Amino acid sequence: MKDNYENLRAECYELNMEIPRRQLAIYTWGNVSVLDKDDGVFAIKPSGVSYDELTVNDIVIVDMAGKIVDGRLNPSSDTATHAVLYRSFEGIGGVVHTHSSYAVGWAQALEPIVIYGTTHADHSVEDIPCTPPMSDQQIKGGYEEETGIQIVNHYRKLGLNPAESEMVLVGSHGPYTWGRTGTKAVYNAVVLEELAKMALVTRQANPNVEPLKEALRRKHYERKHGANAYYGQGN
Amino acid sequence: MKDNYENLRAECYELNMEIPRRQLAIYTWGNVSVLDKDDGVFAIKPSGVSYDELTVNDIVIVDMAGKIVDGRLNPSSDTATHAVLYRSFEGIGGVVHTHSSYAVGWAQALEPIVIYGTTHADHSVEDIPCTPPMSDQQIKGGYEEETGIQIVNHYRKLGLNPAESEMVLVGSHGPYTWGRTGTKAVYNAVVLEELAKMALVTRQANPNVEPLKEALRRKHYERKHGANAYYGQGN
Amino acid sequence: MKDNYENLRAECYELNMEIPRRQLAIYTWGNVSVLDKDDGVFAIKPSGVSYDELTVNDIVIVDMAGKIVDGRLNPSSDTATHAVLYRSFEGIGGVVHTHSSYAVGWAQALEPIVIYGTTHADHSVEDIPCTPPMSDQQIKGGYEEETGIQIVNHYRKLGLNPAESEMVLVGSHGPYTWGRTGTKAVYNAVVLEELAKMALVTRQANPNVEPLKEALRRKHYERKHGANAYYGQGN
Amino acid sequence: MKDNYENLRAECYELNMEIPRRQLAIYTWGNVSVLDKDDGVFAIKPSGVSYDELTVNDIVIVDMAGKIVDGRLNPSSDTATHAVLYRSFEGIGGVVHTHSSYAVGWAQALEPIVIYGTTHADHSVEDIPCTPPMSDQQIKGGYEEETGIQIVNHYRKLGLNPAESEMVLVGSHGPYTWGRTGTKAVYNAVVLEELAKMALVTRQANPNVEPLKEALRRKHYERKHGANAYYGQGN
């Protein structure tokens, strides 16, 4: 807290501004948070503030339960969802929620995004999961916290590793992504929207297409993320 | 009328310019009006003037019957529709008509936009209604006034509250939206186009998808608009 | 020819530049011509010159048979098609050909764009016709001239008035539009692409939708173009 | 090597920057290479460097086996694929790989892009081929080299001439294009994405549409590329 969260706020602000720049959301329809693990806090967009008007000082600092630690505005109404993900998924440093059109389309369809090609496999070897509709009980309770819990439970049920499947569709709602850093989480949000669009075109071009074969999934994922990864500059 | 409608014109002009900026219409294909309730007039875009050439002084001031009060151009040919909405829907301060592509697509399909997700529920708990085709009688009569009357009648028939369902599709034609202010009406026009696109993707990803469950509709609408709303900054 | 076609060239150049600006074509995939009826010539884009590199002096002046009158480059390879349209359709002053994506999609589908709504009716009361595939004979002959002849014959066969239906799809190829002026012809090319997109959305939202009812076609067309037109500023 | 590959690097850099400019890929999802036939080397984008950060000095020079000759970064992980194409397809001077949305959609669908119209025929008289899924053996071996080999084998099997069919879909993966020059290869990548979009619209507008008739294929290709080509300025 050396700098009154100045750096954390700045990073969170810049990453939030990527959302409209990458056309993932209009008006206020998204939010990015960034974790400071050492201080046990995360920075997040304030609730209901449009990207057009957002300033770095509007960013809110909250603790791991989502309670305000520093800031003059209310944090995103989705803060409790972010908090659950930080508490449950070891090693993640950023969380992103958007209402990008194609990803929302699939989430509303209650359909996972099937892995059809190597663009997808470069980022995950699994389908992008879609959580089932919440029970009325969950909705009426702490809705946003329940949203996070449902993501976590769905990952457990499917046996998914959140470090290898960093994108999810919340059924009837829209996408959440995360990553080791805030930058990676935003990157994943952009990738997810592109995968959602590509998968739709794929099905339209061939309604009977099969998922990508196992060997190719592994190959593309391993060349980027495996022990012998050879994609990139090795740093 | 303290300022010869200078402020009203300026507001109306700025909101009209949002239409091309948000890519809701090309050339002259849209119009925004803003009400001055105290003076019993509204400002509206002139007819057939392209957004490229529109100036603040082109904005026309008309009374609640749609008759020119001030201005050197003819008001939008859709002025009578706006007038009916202002006279019939208590508390609205702005009306928008566009020909945005996806909303027009659904209007031409004579299909309401079914509520499939929370993006929709954030703005309305109902499907976005689509009026049935007009009778030949209505078309041959005061066509634009009849368009407004048909919207109002359709709302009555469906038992819709215009304060809670601020977007409509005029069958075979296109979208009208409104709101407490002109700004809100334009916001709704942008939202409607996005919902129209998302709903199409949803159906393409899963032709058998069911509408959003009731509890989730209520939850999302109430967290934004209900008595205990907790979205935003409480202002 | 008072000015060595300087004005005609400038007008033709500006209208050609609208094509990439309105995203109707990439690279060299379109051409606009403008008629000077008094001089019996028309100006047209040179062949194979990209919009990025096009200059006003590249515009070619040809006579009504498509032969070069002035200019240092070859005219568009589609010049003969333009020439047929000018010779056959009384009163037109500009012709546009593009490869805009949705209009080409319908042309390749060999499907007319059915009139589904008032956006379409504002510009034509008829479906946008699509010419049938050419015979091998026509293709091997003067192909570009035959393309024009086929448009004209198709209009005769369907009993269409080229002054009221200023857009056509050449089957397996793409759109041609025209108008009283070059500006109107370009406007029609933009409108056609938008109608092509809207019609696709319409069919996807409701595969069983019926064409727009007759009374509404007439109403919208007449309010813009009829003897008692009341759209616009009456000039 | 007169200039330490300065010109080759500059050309390769400029062509790589066309990829994001033409919206063919986001982040690092594409690569362009340019051949210097005399020196027996080609220049290619480095691996995992985002277009936002790419500089001319990052471009890597490799020999015809894909081994680094000059440069401080690792070349694209797809370098071996480029190398196979240069060694196998006589006369090509540039190769492009992207993950453009519509082309990837068709590749993931394992469907060739059928020739439906003259926009396609202007560039090739054949369907754009799609290679079948690789065997597990190929995937586990030298994957990127096998990708190139599979393209070459598929061309042989179909009897395609790589000088006349400069675009291919690698099944489950995405597009590769090439050309006599790097500029032509990039042009083909843009064209392919447009053809992929148009073909999808075509099928959606008419699911039963037939491929373009033979005479029209030949006509359009010949007027641009044949011995008596009359498109363009004859240079």
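To keep things simple, chains are lettered A, B, C and D as they appear, and every chain counts its residues starting from 1.
As a working rule, a residue touches a chain if its C-beta (ideal position, glycine included) is under 8 Å from a C-beta of that chain, and two chains touch if they have at least 3 such contacts.
Just so you know, these numbers come straight off a predicted model, no measurement behind them.
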Interface composition of copies chain C and chain D: same or different, split at half: different
Distance from the mean Cα position of chain B to that of chain A, given in whole angstrom: 33
Separation of chain B from chain D, taking each centre as the mean of its C-alpha atoms, in whole Å: 46
Residues of chain A whose C-beta touches two or more other chains: 200, 203-204
Pairs of chains in contact (touch as defined earlier), listed by label: A-B, A-D, B-C, C-D
Chain B to chain C touching residues, read off their complex: 26-27, 29, 46-49, 73-74, 77, 99, 101-102, 104-111, 133-134, 136, 139-140, 143, 172-174, 200, 203-204
In the complex, chain B residues that touch chain A: 116-119, 187, 190-191, 194, 197-206, 209, 212-213, 215-216, 219, 223, 230-234
